[in-house]
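Note that the chains are named A, B and C in the order they appear, and that numbering of residues resets to 1 at the start of each chain.
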Amino acid sequence: MNLLNPIRLFFSSAVFSFKAQFGWLNPPMWFTMKVVMPLSQMAFFVFVGQFLITTGNAHPDIIAYMAIGNSMMMLSWNTVFSVINITSNDKWDGTLPLMLATPAHRLPVFVGRAMVHVLDGMLSVAISFAYALFLFGVNFGNTNTLALIVAVFLTSFTMAGFGLLIGGLSFYYRDPMVFANIFTFILLIFSGINFPVQALPQPLQFISYIFPLTYGVDAGRKAIAGQTLFDIAPLLGQMLIVGFISIILGYVFFISFEHVARKTGRIEAV
Amino acid sequence: MPQPLRVIYSAFRLAMLHWIVDPQWVIPNVIAPFVFTFVALTLFKEASGPFGLYAVLGGGMMGMWGNTLYGSGFAISFEKWQGTLEEVEAAPSNLLHVIAGRSVSNALFGLTNMVAILLIASAVFRVPLGVANPILFGVSMVLTLLSVSALGLIFASAFVLTRSAQVFTNGLEFPIYVVSGSMFPIALLPFWTQPASYILGPTWGIDAIRLAAGQENASMAFWLDKVGKENAFLAFWLDLGVMLLITLAYLVIAAVLFKMVETKSRRDGSLVEA
Amino acid sequence: MVNADEDKSAYSIQTVDLTKVFAKKKHRGVLGFLRRNVEKEKSKSEGGEAVTIALDRVNLKVQSGELFGLLGPNGAGKTTLVKCLATILIPDGGTAVVNGYDVLKETTMVRASIGLVVGGERTLYWKLTARDNLMYFASLYKMPRKEAKNRVNELLEMMDLLDRADERLEDYSTGMRQKIAIARALLHNPPILLLDEPTLGLDPTFSRQIRNQIRGLCRDEGKTILLATHYMYEADEMCDRIAIINNGQIAVVDSSNRLKAMVKERELVEVACVNPPVGIEAELKAMCKDVDIVTLIQGDEAKSTPSRIKIIGEGAEEHIGTVIDALRRKKVQITSLNVGMPTLEDVFIKLTGGAKLTEGGEAETERHEAQ
């Protein structure tokens, strides 16, 4: 069995995916998504927090809580949003039948596309942390750097996997943008970004644990508070399990879609 | 019916028909306001004071704004994607009237969005929806809607100038949520951002809406500081007055900008490019 | 300068030195903003501006009630000319008068006088019904609602689509959609129609229906029609007069018969063959040095259209033997030989010194002749 071929497919898919996003991600757009959006989203919630503080309804710690939460959430634009778009672009652009007609093994192609966004996601988090530090006065003095880097990397990786899951699901749906928007924004509600998961109604809390980001945000906060890699390892372990399940499920959806499409002869119409 | 109004109505009707047959495109525009409102309501849950209504009004405002930005901003682009821009341009009616019709329909979606947020918030979070003066509340909502539509017309023109309209929609959406004071008083913002807040019609509109709802304490207090809290009624009309002036300015800018853009596009052929 | 009043009765469309120039655009990649400055400096230093002259002092006169053809390959300037006349492009020089109105100064009046049909897949709102589309455009053409309703029904009946009026256009075939596009252009009963490749992408059946309709509009309703096309047989068959356009310039304007007479019978030899070898054109040119034009038009094996070697000019007939011997030596299969009987394509090649119409144009010719 030729192992070099899947590896080659993985990397060529990764490079393609990175280049392809520049079809829509020109420099001004990159600037908007990397610099403007993180700042404005963070500012929005920080000022809401400030509003609560000035009316005596919240502790000043809420600012740091929100700033860190929104920073971690920024990677979801690169992972979930971009991966869904790249995954379903083939269908939208009409190149899906051509791709399916190749003998290429689907798994490295599928996974390779998502993984390049992991690094991009980490960059978004780094930029957002800079805002939190310099603009909103968040104290990073106690941070365990190693633990934080690992937490951010693994969160980005598992969220890319989650993006693959939703991307795979969105093959069945006509407009992937709807999915991309829903599943990116919904993280704001369920992943402990601006308030703890426990603030949600009890029956809804289980939803939070479907998203790797929930674990990642918690791990990130703990690392910034000074906890070590060893301390946050259980959280990271749970996150990895959820992430791998997402990748596998996403792959299953993709393969089943291919089967359905070949059987019915209606790829684009599905 | 005068021809310009007829064209505006026809374009409005066309937009509504499109929405009926394909409603899902509205979803990306409404997700953010819904989610932000939900988050704000959760944060405000334990807070003492009428924060519930504060949050839903803010969320509704955001919904109206989001729809305008995406819907109106892409009004001309929509015609390009449909392939109908050349035929619409070649007709003897003014393209600006066509865009205006679309802009009104988008703001109406936004208003519907606001009502939906109000109802859902009331049901899920048990937010009391009592407003002090329902008639003035309605008036201020409709006028704010028109102000937002007028702002949308400016975007419709500006977005023709660039292939990167998406940059503007993504780049403007959240900053406007921040500077318009939709979910917190603009007094909390750094002083240098406040001019940006005051030149936005919706900033005055939402203040008028809050005053009509009886939320004097939540007002940005621009007028209240001058006329006193007991004259909230006067402050309400002053807010509306300022908003109307700003809206008129928007309309003038939109008309001038549109003419410039249309002429430029016809000259360099970019109006008819794919 | 055109005197609109003086010429109003004689010419429906008149252009004088009409010019349109576009700045050349390069597709910019991620680092394109760096590259762009390098290119700008280069074109400046070479003494030229990076522009494309789409229309180069075009002079045209179309008479009232005439079916006038604008024939040329893709990129010749046909669409640019149509769009300038339709007022959706602003010319950079010269003047154009449509139905007595200047396209720059009386834009609204021009728009009220024309119906525009552009070929291609998407020119209507696909998610809406044919009726909704037509009613909407009727309002843009300032038609009172009741009048619009009646007119829409009348046009749908004319197009044989009344029973499908309330179906979405996405469920229509391409040909049916093009019929609706033509119906749209006729809503306000304009005296002038500007048709830009109206049969593009249509199958032969629909193409024929559309052509018949166009002929009827001119013959029975006296409309002035400007038909831009790269299908020679279409221009040949339908048009009272034809203007051949290439590289933004009008090469000649005349009736089809008089144009074909420009290539005398003895001045044309056409050899159809299968898979001619690479380099055969240059070889034959060297052998037939005394003839004006020797050109190879590649065929399309997939569409079963053969390649054609054309020899045009005085003394062409004398080289039949040379050409056939050369092809036989290379074991090329010859399928037909034509001496004389020039087509518009031959006129085009002669006038443009060897430039060719598109592959699509020739393929359509073959299919059309085969019907």
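Here, a residue touches a chain if its C-beta (ideal position, glycine included) is under 8 Å from a C-beta of that chain, and two chains touch if they have at least 3 such contacts.
Given the structure is predicted, the values throughout are model-derived calculations rather than measurements.
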Top of the farthest list for chain C, CA-centroid basis, is A
One chain's C-alpha mean falls closest to the whole-protein C-alpha mean, and that chain is B
Whole-Å distance, C-alpha centre of chain A to that of chain B, is 30
When centres are defined as mean Cα positions, the distance from chain A to chain C in whole Å is 51
Between chain B and chain C, the Cα-mean centres are separated in Å by 45
Residues in chain A with touches to at least two other chains are numbered 26
Listed in rising order, chain A residues that touch chain B in their complex are 24, 26, 28-29, 31-33, 36-37, 40-41, 43-45, 47-52, 54-55, 57-58, 174-175, 177-178, 181-182, 185-186, 188-189, 193-195, 199-200
So, in the complex, the side of chain C touching chain B is made of residues 22-23, 80, 83, 86-90, 92, 108-109, 111-112, 114, 116, 118, 120-128, 132, 136-137, 139-142, 168, 184
The residues of chain B that touch chain A in their complex are 24-25, 27-28, 31-32, 35-36, 38-40, 42-49, 51, 164, 166-167, 170-171, 174-175, 177-178, 183-185, 188-189
Chain C partner, complex, touching residues on chain B are 3, 6-7, 10, 13-14, 17-18, 21-22, 82-84, 86-93, 98, 263, 266-269, 271-272
